[in-house]
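Each structure below appears as structure tokens.
One chain, chain A, appears in both complexes that follow, with chain B as partner in the first and chain C in the second.
Our next item is the complex of A and B:
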């Protein structure tokens, strides 16, 4: 049944599916994981770095992109599609600043990206964008925000979310571990993001890319050394927690 | 404010229309004007001409916008369904609409240049802003005071014209110049402000609203619009006051006065202005400035309409006759 209704994007199936959009979401699930966390004074984006070939220059593969001074996004899915969307979003950020004299709110640029994606699910001869995006930033009023968009053009606000290959596992981890204490201060929020990624990423800190935005400050990308520091701290804390547990069980 | 076109200007318009239309039509002028200056917003195009008009409309606008810089070749015109215009994700803030249908071959910029008196023709369309409006910021907000006379040459068309448009409870726009231009563009601005609020869930800032209006003016620069407006409001950044002009000028400031009586109003305002006036003193200052301007300027008169923009919105303070006020001041000084 599906094969008759999945050729053209503008055709609904009898039970109300747009199969091309759903297949686009499958493409997203093939992309490497990205996680976003909204703290009280900080927003964190972490991505799983795909392993690069020996001769490839690592620095040219960037999954976390700046849209404006106060907004950035990470994506999962087709890299080329993401490049197009990011370019349009960057132009819109500046166009908004020119017309309205105010920087975009995170919600506005998310809505723009979502509307752009929706437009491509309703035109002839075009296919949907095969990416899901996590858009983070601070608004003028200093409130941190995290939004997620998907290929169908819907967007939602989240406290913490993951997209890509093992999104489900990471989301379950976040649901268990996202507490008021976990985001109490900036370093805790950063550690939560790294811990969430370590659940699904092989070989630890080498394959993680991290970026943060603090209120009124531009995006800061973590270097490999800083990530290693965080990872070793997390492993230390894990060991201490396990020691405490074993002590308790030994004594009781 | 200039309300109607005088017979002289009507004649020159007829000459301008007939000159570049090709065949001269024997239809009456109003119907010709209606046909050629048909706003595509209010009247739908005739069915037979729809596709043709659409093509013409985009191309006519392109011609118009490209006119000062020279004609573009047909291969240089973007495709009809081109990127930015038809992209719903890009909120074009009324840059595309309204689209005025123009007669073929008509270049408004050239046409109006020929009427500025530097050609052989004796006709001149004088785009004076016949009015007095003023606004100033002080410690308790913004005071807006305007007169209410609408004049067509030496004929007073209206004694009680409302020259302040209430865009929303936190935004006011004043009008000076051509009444039709001011009313149309500021109502369009009000529409855009409302759409902004509906789309974004928060009220538009004063700087954004004035920027939208000034962009509209820039789009039609050189085509004979006449509008001098002050956008006043209170937003997250506090009280805001911007002056926007038909040339696309947009200035932020603490005190502005526009119109033919503005020099008289500036004189009175400058000599009495302080930032820490009380509301009553500020009302008196605005009142006096308008009254003295109407006393000396023949294109201003009627009543003083005064508004006070406060943190929780504007209030209309009063609407008092200027001659009564002038008598009061003269009696007081005797």
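Our next item is the complex of A and C:
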């Protein structure tokens, strides 16, 4: 049945599927994992870095992009589609600032991106954007925000979410470990993001990129050294927790 | 496979439209699509690594060449293969399935239950793995097929680890070793395949 209704984006199948949109969701899963955490005073974006070819400039392969001073985005899926969406979003951020003399809210720019994506699910001759995005930032009211969009053009606010390959595994980890204690302070929120990624990243800290935004501060990208330090701390804490556990079970 | 544990004992080449332009006779030894190995420490253990598509009309001659025209019933056959999770038919959407996951199919002659859930209907095995299982069913050879549904179609640590339940089966239990560096070895193997195209990020 799928083969008769999946060639043109504007055609519904008899059971209500838009197959091209669902196929675009599969393209998202081909991208590496990205995770977003909304803390109390911080938002964190962590991504699994792609391995780059030897002669490729690593700086040009980025999954985390700034949309404005107070908003940034991580994506998973088709690189070229992401570039188009990011460019449109950046222009919209500046246009909004010039027109109404206020920076965009995180929800506004997320809605803009989601509306753009939805248009491409309803136009003949076009295909949907093959990317999902995690958009984080702070609004003027100082409240941290995390939104997720997908190729269908839907968007939702999240406390924590993951997109890309193995997103389900990371989401399940977050569902178990996202607690008020886990985001009690900034460093705990950062560690939670790294721990979530370590569940699925094959080669440890050297394949992780991390970015944070704190209230009234611009985006900060962690260096490889800083990430390695965090990973070492996490591994230490894990060892200590396991030692405690084995002591407890030995004494009982 | 070049770790010294396995010894190459045979190669086979075949040609079809999916293999590329070269005819089987022109294939260099390095381009053989099926390579047979024997475990040095246990010469009764043979492994066939098939990296090409075997067309439907080539499957039976291939099986006859490998198993012989009268296959022995005292052999144990285990087949490991992967398919993309979108081929898995279930009431749940592919996005909500816990990929990667393992399913098994076995012949009637195989009495031991496999180490993972059986493949549910209406899902079926395809291509050469299905042909091997059908051949073994007809000739009453104990065989089990482990089919891993995954959402990445390249070597990946998570997908490799999904086959772990297969190591608890009777046929593979004796071969499985809890080598501490097995995870590192897998990571290295996955890393060689890691430099991807730039289409997806």
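We take it that the second predicted complex is superposed on the first by the 252 of 252 C-alpha atoms of A that agree within 3 Å, B and C clash if a C-alpha of one lies under 4 Å from a C-alpha of the other, contacts with A are read in each partner's own complex, and residues count from 1 in each chain.
Keep this in mind: a residue touches a chain if its C-beta (ideal position, glycine included) is under 8 Å from a C-beta of that chain, and two chains touch if they have at least 3 such contacts.
No experiment lies behind these values; they were computed from the predicted model shown.
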Which partner does A:32 reach: the first (chain B), the second (chain C), both, or neither?
second
Check whether chain B or chain C contacts more residues of chain A in the superposed model.
C
So, does A:92 touch the first partner chain B, the second partner chain C, both, or neither?
first
Where does A:115 make contact in the superposed view: on chain B (first), on chain C (second), on both, or on neither?
first
In the overlay, answer first, second, both or neither for which of chain B and chain C A:79 touches.
second
Examine A:101 and indicate which partner it touches, taking first as chain B and second as chain C; both and neither are also allowed.
first
Which holds for A:156: it touches chain B only (first), chain C only (second), both, or neither?
neither
In their shared complex, chain B is touched by residues of chain A numbered 88, 92, 95, 99-102, 105, 107-108, 112-113, 115-116, 119, 140
Can you list the chain A residues touching chain C in their complex?
22, 25-27, 29-32, 50-53, 61, 63, 75-80, 82, 165-166, 168-169, 200, 202-203
Contact footprint of chain A on chain C as seen in their complex
86, 93-99, 151-152, 156-158, 187, 190-191, 194-196, 198-201
Enumerate the contact residues on chain B facing chain A in the complex.
87-90, 93, 200, 204-205, 207-208, 211-212, 215, 236
